[in-house]
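Beneath this line is the structure, given in C-alpha cells, with notes to follow.
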C-alpha cells in the first residue's frame, strides 16, 4: 500500500436482473499496489460486480471512480482504456486464432492501411509468454492448448497494458499447482508496480497466501472488508455464509467392499498408456496430477466417450466394453465432466430439465415425462446442495458459476450410480458448498458406492480420498493410501519422480 | 401494484410479440376488406396454409434439434407425384402407405447422413433438394401426373372433404399439431430434441443418443412432408413436378416467425402454427386488398424482422441490441 | 453424310411438363435422324448459366445452336458471339429481343401475342353467346413474372379484349407462376373478393385448372375458363364441360419445328426469319378435331 | 497468423484434390461420351471456366467473409438483381443521357452504391436489433426481391450498350474481363482477411463472439462492414455480368445465395464461423462450375444433372470429413 489515493472505488452499485437483485448497494475501494480479495458464496454477486466494473454490464445505479475521477464504463474497451483489465471467470478465447492474436484481442498492433503488424505482435507476445514460463509460442493455435494453458493465455492479457487495476475472476479454477506459482509471481509483479489487483477465489489458502485485504459479499450485499493479516478462515466463513463451518478432517472409513471397477493396462493413443487401478465399493479413489496428465481422458474412456487401444475394464469382476455414455449409464457409471458449460449443461434449458436429463427416459407417467417426479428430484437436490436459484424454471445459463456446477453434480448424484466419477467437482464452488460436496462424496462411499475424484487441488484430494493415484504424462506413477501419503511424496510422484523408497 | 400489473401485461405482450403482430394484422386487413374475416375466407386460408403448416410442424423438430431442412419442398413434390402415380396403378389404399414408406425412406437417408455421419445439415439438405428433384423428374419422366378418374375415388377426401363442416386438411393439420406438440413438450423424446439442439456435447455426456435423436427428427419431418404430399395430391388430384418448389424457405420462414432459434434448442409447435397462419393471412390479406404479389414479399420481410426482433427484445428486456 | 452437331440450350426443363415433353421430343427427333448429333443442355432458368452454355457450345464447335431464351434480351450478346464464330443460331419457343435479330438465323415457335389475342376472342365469343358481353367481369392469372411468354400472352390478351368486347372488364391480374397450386390459391382469394366473376383467363391450362379447382371447391358455377397451351388436364376438363377453351400448342411440334429450322438453315435453304407454327383455338365445340395432348 | 500443419494442408487441399478428380473424370469420360473433338482440358475451355465462375464466384468470396464472421447472407441473389436493375435502368435516365458513354462509370457507381446500401441495411439491422443474420437476410431475400419487382413490375429491365458489351467480352492477357474481376476480388479479400486488423477481428468475432465483445472489439461495425462488402460484391458481380448481357429478369439471381454458400462450404469454411479461407472458396466455386460444365460436356440430361449435383455435394462433404477424421481415441461426441 504505497499511496492513499485509491486506484478505484465503487459506490453503492445496484444491479438487478429479472427476478434477481444481484447487487444491492455494494461499495468497494481498491488501493494501488494491493491485492484485494473479493469473497462470497456462489451467486453472491462477485462476478456481476466485476462485470459492472469491467464495462460488460451497466449498473442500475451507483458510481465508479478511477483515481477519484467519476467515470462511466461504457464498454469493455472503454474500461481497458481507463486501465481496468478483466480476466474472466469463464475462458474468453477465440480458439481458431493464434495465442498472440488472443492475447492482443481487440488491440492488434497496426501498420498502415489497417494492416496487422505481425512482427511487433509476436515480439510483444513472446515477451509476455516468457514471463509466464509457458511451453508454447505466440503462433500456436489456442484451440490446440490444454485448458490450463488456455487459462494462461487469458492471464497473459493482464500484462498487455499499463493497468491501474487488474481483475482476476477465479483464475486458478482450471490451473494446477505449477501454473499457480507462475500466476502468483505475475500478481506479485503487478503489485510491485503499484497496480491494484482484485482477486476472486474460493480457495482459502490462496487468499491467505497473497492478498492484503478481503471484501465480502453476501446475497448481493456488502458485508465488510478485513485485513488478511488480522483475520482467520473462521471469521471469513462466518461473514460469508452466516454460520460456522466444521472444516475438521473427518474421514470415516466405511466398510470397504468388493472391487466395483478395475482397469488393467488401459491405453489410448498419445493420451495415456498402461493405466491400471481398482476402486472398491465404499471407497473414494483420488486422481491427482499436473495439467495434461491424462486423468480426464481416462475418465472419458470409462464413460464410453473414447475408444481405448488396449487394456481391459472390469465392472464387478466382469470384463465389459463400454461403447457409449448410454452403455456407461446403463452399467451404473456417472461422470461429472470438467467443462460444465461445454459438456455438463444445456445452458438454454431450465434447471430442472438439466438435472433430470440423463434419466428422463425413466421418469414416466404414461407416455409422458413425469413432471412431478422431476420437480421432486430438483427440490431434493436444491436443498441438499443449497442451489441458489429463483426456481426450477430459471435458465441454467443465468445461474452463477458455482450454482451451475452444483446443478451438474446434482444431475449425476441423482442417478444413484455404482461408480461415480467426478472431474474437478468443486471447481468454482464456495467453501460452504465445497465441504457439503465433500461430505456428499464421503456419504456416497459410505453407502457402498465406488467414487473416483479427479482434482487438481491437493487439499481436496487429500481430504476426500481413501487412496490416491498419481499420474504423470499419461502414466500412473504410484498409488498411495491415505495413511502413507504426504504432500511431499505426492508432489514428487506427479512430477514423475518415482520414489522407490517410499513407505 | 397497479404499476406492476401494467408492466406484467407489457411484458406478456412483448413476449408474445408474434401473437400481437398477428392480431394487428388481422385487424388491419379486416378494416381494409370486411370479407377478410368471413368464415369462408378464414377457413379457406387455414385450409390452404395447412399444407405448408404440416411441413412446418416437422421442420420445427429439425430446427429445434439444431439443424436445417431445405429439402422439404422438393420432397413434397416427390410424394405428391408418387402418390398420384401409384393411385392409378395400385389403388389409393395401397398407394398412400407406399408413398409414406418411400418418402420416409428419403427422410431416413437424410437423418442418417446428418445424424449418424454428422454431415452438415444445410449442405446435405441442399444437396437432397437437388437430388430429390432429379429423382422426381426421373420417376415421372417430367410429365404432369393426374388421376385419371377424378370422380370415382375416395382419394379426394383428404384435400377436399370436410367433417363437421370443417375441411379435412384443417382437421389433419390441427390433429398433427396437437400430437406433435405433445410429443415435443411432454415426452422424453421431446426433451432430448431440445437438449441436442441446445448443447449437443452435453447431451452426449448425459447419455442421449444424439445421432438417433437427429435421425428421428428427420423421419418426423419426412412423415409430415408425406402428409403434406397427400393433402396436396388429394386437393388438386393432379400435379406438376415442381409443386413444392420454393416451399422450403416459406416453411423455414414460418418456423422462424414462430420464434424457433436457428441455433437450436428453442421453439414450440404452437408458435410454429402461429407463424404459419401469419404467413397465410398476409398472403391472403394482400390478395384481398388487391396489392401486387411482390408487395407481399416486402411486407413479409418487415414482419419477419419485427416479429423476431420483438421476441428477442422482450427476452433481453431492451429494445436495441447491446452489441457495441 | 456429314453428321451435323446441333447444340440446344433450353430454358428450364424440370419446371413444367411442356418443357419436359419438348426436351423428350427434341431428343427423339434428333435420334431419328442419323445425320444429327445433339448436345442437349438446360439453363435451369438462369441467364448466366445459359450464356455459359452458349459459350461452351461455341467452344465445342457445334454446327448450329438452338436457344430457348431465359431472357430474350440478355442472351443477345451471347448470340452475337455465336454469330461471329460463324455458328448459326436458331431461337426457339420465345423470341429474342429485336437488337439480336441481325445475329440470329431464324426464330421458330408459337406466336404468343396472337395466342393471347385468340384467347380473348374465345372468351368474348362465349360471352356474346351467353349474352353477357356487356357486363361480364373477368380475372386473369398470368404466368411466371418476367418470362417473355407470360408477358406476351398477357399483352396479347389485354390488347385484344377491348377490341372485341369493349364492355367486358378485366378486374384484376395476379401471377400464378405456371403453378397449379399457386393459381388455386390466387383464385380462392379472387372468389372471396369478387362476388361476380364471369370468366378467368389463365396463362396456361395448368393454372387454368388450378383456378377451376378453386371455383369448384367454392361451389361457384358458370364461370368461363379460358387458358393457353392446352395440357391434358385442360383437355379433360373440357371433356367434362367444366372448362371452355384454350390454345392448342404442341411441344412436339415446337421441338420438331426448331430442329427442322436448324436443318434448313444448315442446308442453306431460304428460311423466313419468323417461323411461327400454328396454334389454333380449341374449345369444347371443336375439341374432337384435336388429339388429347400427351403432357 | 497460424502456421500450417499437415492436417490443415490436407483440409485445405481437399477441394483442389476434388477439382483434379473432376478434371480427370471429365477428360476421360469426355473422350467416350462427348460429341466434341475438343478436349475438356482445352486451354480456352479452362479460361472460360474462370469467366463463367465469376458471377457466383465474386459473391461466394464475399460470402466467405460473412461466414468467417459468423453470419450468413441469404439476400445476395436479390441484391444482385436489384443492382442489375439499377445499372441497366440508370443508363437511360434522362439526366444521365447527356453523358454519352460516360454514363457507364456513373451507372456502375450507382449499382455498386446500391449494393453497399442494401448490405448496410442488413448489417445495421443485424447490429442494432440483434436478430440473427440468417433471419434478417432471409427476410431481406424476400424484401429486396419485392423491390426488384416494384422497380419495373414483372418486366425485364434492359439496356444493351455495345461499348459495354465489348468491354465485358474483352480478353486481356488471355483472361476475360470477368476473370480479372474474380481474381482481383480474391486477392483483395485474401489480403483483407489475413493481413488486416479488420480481417483478424472478423475471424475472432466468428470464432467466439462473447470473447470478442469482452476484448472490446466493436462487433457491430465489423459485421456491418462485412455486410457492406458482400453487398458491394453482389453489386460488382451484377455489374460485371450485366454489362455483358444487358437485361435482367426480376427473378435473376434467385438461388445464387445457395450456390454461393455451397461453394464456401465446399471450400472448407465452417458454417459456424471463425475459420475458413478465401482461396479455398475459389476452389469451391471452380469445382461447382467444373461440375456443371463437365456434365454438359458429357451430355447428361436434366434429371441426371440434378441427381448428380445433389449427390456430389453430399459426397464431397463426406469425403472431406473422412480426410479430416479425428484420430482414434478422440472424444466421441
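Chains: A, B, C and D, in written order; residue numbering restarts at 1 for each.
In this section, a contact is a pair of C-beta atoms (placed from the backbone, for glycine too) under 8 Å apart; a residue touches a chain by one contact, two chains touch by 3 or more.
Chain identities (UniProt): A = Monosaccharide ABC transporter ATP-binding protein, CUT2 family; B = Monosaccharide ABC transporter membrane protein, CUT2 family; D = Autoinducer 2 import system permease protein LsrD.
Model, not experiment: these values are computed from the prediction.
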item: Higher-contact pair (C-beta pairs counted), B-C versus A-B; value: B-C
item: Centroid spacing, where centroids are CA-atom means, of chain B and chain C in whole angstrom; value: 33
item: Inter-centroid spacing, chain B versus chain A (mean Cα positions, whole Å); value: 43
item: Whole-Å gap separating chain A and chain C, where each centre is the average of the chain's CA atoms; value: 71
item: Between chain D and chain B, distance of the C-alpha-averaged centres to the nearest whole Å; value: 29
item: Interface hub residues of chain B, defined as touching at least two other chains; value: 133, 137, 142, 201, 204-205, 292, 294, 324
item: Where chain D touches two or more other chains, by residue; value: 149, 153, 213, 216, 218, 302-303, 305-306, 332-333
item: Per-residue overlap in chain C, given as positions that touch at least 2 other chains; value: 13-14, 20, 23, 145, 175
item: In contact (per the touch rule at the top): chain pairs; value: A-B, A-D, B-C, B-D, C-D
item: Chain A residues touching chain B - in the complex, by the definition given at the top; value: 18, 75, 77, 303, 305, 324-326, 328-329, 335, 337, 342-349, 353, 357-358, 360-361, 363-364, 367-369, 411
item: In the complex, chain D residues that touch chain C; value: 34-38, 42, 44-45, 48, 51-52, 55-56, 149, 153-156, 158, 160, 165, 168-169, 241-242, 244-252, 255, 289, 292-293, 296-297, 299, 301-303, 305-306
item: Touching residues on chain A, where the partner in the complex is chain D; value: 56, 75-80, 86, 88, 91-98, 101, 105-108, 110, 113-116, 118, 139, 141, 157, 268-269, 271, 300, 304-309, 324
item: Touching residues on chain B, where the partner in the complex is chain A; value: 182, 186-188, 191-192, 194-195, 198-199, 201-209, 265-266, 317, 324
item: Contact set on chain B toward chain C in their complex; value: 33, 35, 38, 40-41, 44, 48, 133, 137, 141-144, 146, 160, 232, 235-243, 245, 283-284, 287-288, 290, 292-294
